[in-house]
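So, here's a batch of structures to check.
Here subunit A shows up in two complexes: once beside subunit B, once beside subunit C.
Our next item is the complex of A and B:
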């Protein structure tokens, strides 16, 4: 579903991504760990066509993201570290806007509330203006957009940073729900604990290269932390 | 097939963004406030325009009434004139009375056009009536400073002023941050992650603002013109009003295109605001004034001081020329006539009219030169008008409202013709001492106002508006190209 081959990105000669090969199948949650500047956000930006790759290719749902960027975006949902929405509109109105823009069809109010409910947002909160939302509540609207869009791929950039443990746990459960629906998920994160808890596979990026690719079930949390620190020190 | 799918998606994205934008602008009150302000300004401008034009129309009616009363009075005097009872100093049968500043004074009147309240233009600088007597032509024709370059750009508070000067400010105030606000709010990446072309998103955003602001400017003046000024010629007023509204809309679209272009550069809100404010100052204030100053430097109008000096010299020469007539024949005062259809014309009276006629004739080359200079100035302005869309639009609106310099010059030419017709009619009577009868008074030439043939003017205005529209389209094409290629840089 999400696939890259020999993906490279240079910024003024500095290497940000170095020949990245990635395959994320439907229902798989791939957690990409790495220090700041490891290339995690760059990878997501290329997949969203916010950045052109210097070389190599990236595909989502079989479509080359740089050749058919708009078509690709029909199948992708994106949740950044801070899901920023329109503060003067309610959660339902924000969802209505993004869903209609993404799918070209309007869902009824009941269905929108239902989707927000699935994402963990209570009906009374969904009717309130987003300006009063916490970060966790905004993340839930972001997830509801992904659900409503029926996205095949979900790109998450540090989604749990700044969330309290309960909200982060709730968020992990939502990702699990999405993966159960067959969504291929790429999550860039620093959070080893949630990567281990949520991910089916874990990648570790260093200086633009994926230096480790692990099956989440094959490694314990302590081992993951040790491996991560070893790779970062190397 | 793929193309069809993309087109449907673009149209759907357009309506979705437009609906969403309307909701956002309604919620933060910016659109209702801007529209209310614009409505208040247009209503104020229309009220002021109607008031000024009504005042002027009333004045013209009063002048005609006063003129009719004088003519009726003179006719009555001629009917009852008995030679031995006439006052020698106010003898109505004396032909000089037909050109005198009292009973003989006539008004050449330019009626206000139906759309005059929409664009007052230069109408209060350029007289809408001339006092035509036996005095030389130059005295009534050049009694205002029409050559003043500042008047080419000056405006009054009317609907055209609102459309040309204030509407762009409201458009820019609502549109300077179409994309930068999304980025600064943090919603741009969420927006760009959706399958909607960025150019369509921006066009939808700007369409909502444009529709909200251009509708009052297009509809209100047209409605007022039709309601208040179309009694005699509905379709003509409707056609002119539609053209006026079209001019306002094309001009508004130009500013919308400018705002979109600056937004497409992908800079911050502050940067956009500064650039757009600079463009407004350049287009609305600096360009028309620069154009006017350039006209003044390249084709300076003949000096008024020189004209007055020349007039004095010519007057002096004419006075010397007719010095032998500078006497009063007191013998005739006791018997002013008429006798056998003749009256005695005092030499001083004869001298006065000879002098006035000679001064008029001698001033003719200067006046022709002045006219030619005005033509050259007008031509220059026409050639370089594209540099100032504000001046182009204002001029188009003035043309349609009949408050432009061109219509006034046409009026001036009609008034000059009328002056010469009157002189040709009365002067032989003065020379031959023919007594005036009531029939002579009735047959005297009258001033008849006829509109200038406007085919050329309409074509000229249509061309300049088409040029402005072309410029607008070019800006839009550039913006769409730029937006289509900047999704990546904006999303970063």
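Our next item is the complex of A and C:
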């Protein structure tokens, strides 16, 4: 579902991505670990066609993201570290707006509230203006957008960063729910604990290169941490 | 999708209070200026009709006297205000709308309200056209400056881009939202102007003029709308967008029109009143002397035989007509050249073109003033010629002792001037319309190009 081959990106001669090959199948949760500047966000930006690749290719659902960017996005949902919504609209109005733009059809108010409920947002909160939402509440609206869109691929950039443990745990459960529906998930994160807890596979990126690819079930929390620190020191 | 984006943006700038303040204040200013203009227009029209009628009645009731003396009685004639002058009074406060008709002397337009106006009065005369021309673009840029730049700053542009929303649809949606905001200013204005047109009873021509006027204002505000969106899409953040747009607004609505006016007067200077009057007086003296010598072989009018004085006066008047035509024609030509020069410099600002179209369609521009002044002068000459003809036919040896009565005075028709039709006005204004349309297309293309390069990061 999500695939890259020899993907490279340079910024003013500096290498941000170095020949990245990636395959994420439907239902798979791929957690990409790495320090700041490892190239995690750059990879997601290229998959979203926010940035052009310097060389190599990236596909989503078999479509080259740089050749058919608008078509590709029909299959993708994106949840950044801070889900950006319109502060002057309520949660349900934001969802209505983004879903209508994404799918070209209006969902009824009840369905919208149901989607927000599935994402863990209470009905009374859904009616309030987003300007007063916490980060976790915004993430839930982001997840509801992904659910409503029925996305086949989910790109997450540090989604649990700054969330309290309970909210992060709820978020992990939502991702599990999505993967059970067959969604391919790429999650860039610093959070080793949730990567191990949520991921089916784990990648470790260093200086633009994926230096380790692991099956999450083959490694424990402590070993993952040790491996990560070793690779970062190398 | 366009309607969805438009609705979101409209709700956004209504809920954040910007539109309520900026649009609300502009609307209050606009509606009050139309209301004041309407009242002023109604009172003025009534006063002018009454004054002109009274002048004609005085003329008819002047009693028995020599036709030459009668021609010196004179009368005021007034330019009837078009209905749309309540929207755009144009040049009238500066050039006047009243002409004094008297034998031997062509008179320019008198009683210019601006000449007697205090600073406060000028502020009170704020016209609806001025509000739309100056404040209209400000409303557009204050509600539209962050259309794209704000989305980029808040990160919502990333969200929208990730959903695969084509940028051009965002552009049309945002343009529709800002246009809906502007429509809240334009619609009440048009409704009030329609009411004024219907109340005046002058439907056909005024409606056509109003339609052209509306097209001009739509193109003008549309130019600012798409320029605002182009800048917003290209600017790194909304603060930069706002600064650039405010600077552009000042340049387009204040600096260029003012510079165009000053430069046109430097290039084509208007003669001073003293120089103009002296040139006319010299011309008249020379023409009159020449006419006496050629027709009667005398140097002074006193030496013309008594039975020929009627013909001598007529010859004198006709010689003066040529002098007046030459000097007043040249003066109007200077004004016309100044206007053309302003319009050429004004290619850099749509406001100059809009003013030309607006005053032209409101019937308050230079061409309409000139048409009225020419009609008034034709009427003066008609009176003068009728008086001279009567004296030539009936005075004989009585000369200055001959007296005519009301029968002759009644033969002079009342001055009945109607503003030229809208087609006449359009024939003079179409270059302004072309400039406005070109500005609109350019701004639209720049917005499309700017949005095509739009990146969420």
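The working rule: the second predicted complex is superposed on the first by the 234 of 234 C-alpha atoms of A that agree within 3 Å, B and C clash if a C-alpha of one lies under 4 Å from a C-alpha of the other, contacts with A are read in each partner's own complex, and residues count from 1 in each chain.
Keep this in mind: contacts are C-beta pairs under 8 Å (C-beta built on N, C-alpha and C of every residue); 3 or more make two chains touch, one makes a residue touch a chain.
Keep in mind it's a predicted model, so treat the numbers as computed, not measured.
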item: Overlay on subunit A: subunit C relative to subunit B, clash or fit; value: clash
item: Which superposed partner A:25 touches (first subunit B, second subunit C, both, neither); value: neither
item: Touching partner for A:67 - first (subunit B), second (subunit C), both, neither; value: neither
item: First (subunit B), second (subunit C), both or neither touched by A:123; value: neither
item: Contacts of A:86 with subunit B and subunit C, given as first, second, both or neither; value: both
item: Subunit B versus subunit C as contact partner of A:50, first or second or both or neither; value: both
item: Set of subunit A residues, in rising order, touched by both subunit B and subunit C; value: 45, 48-51, 69-74, 76-78, 80, 82-89, 93, 97-98, 100-102, 104
item: Subunit B partner contacts - residues on subunit A that touch it in the complex; value: 45, 48-52, 69-74, 76-78, 80, 82-89, 93, 97-98, 100-102, 104, 142
item: Touching residues on subunit A, where the partner in the complex is subunit C; value: 45, 48-51, 69-74, 76-78, 80, 82-89, 93, 97-98, 100-102, 104, 145, 149, 155
item: Of all residues in subunit B, those that touch subunit A in their complex; value: 6, 8-9, 12-13, 16-17, 20, 23-24, 27-28, 185-187, 189-197, 487-488, 491-492
item: Contacting residues of subunit C [partner subunit A, same complex]; value: 1, 4-5, 8, 11-12, 15-16, 154-156, 158-166, 455-457
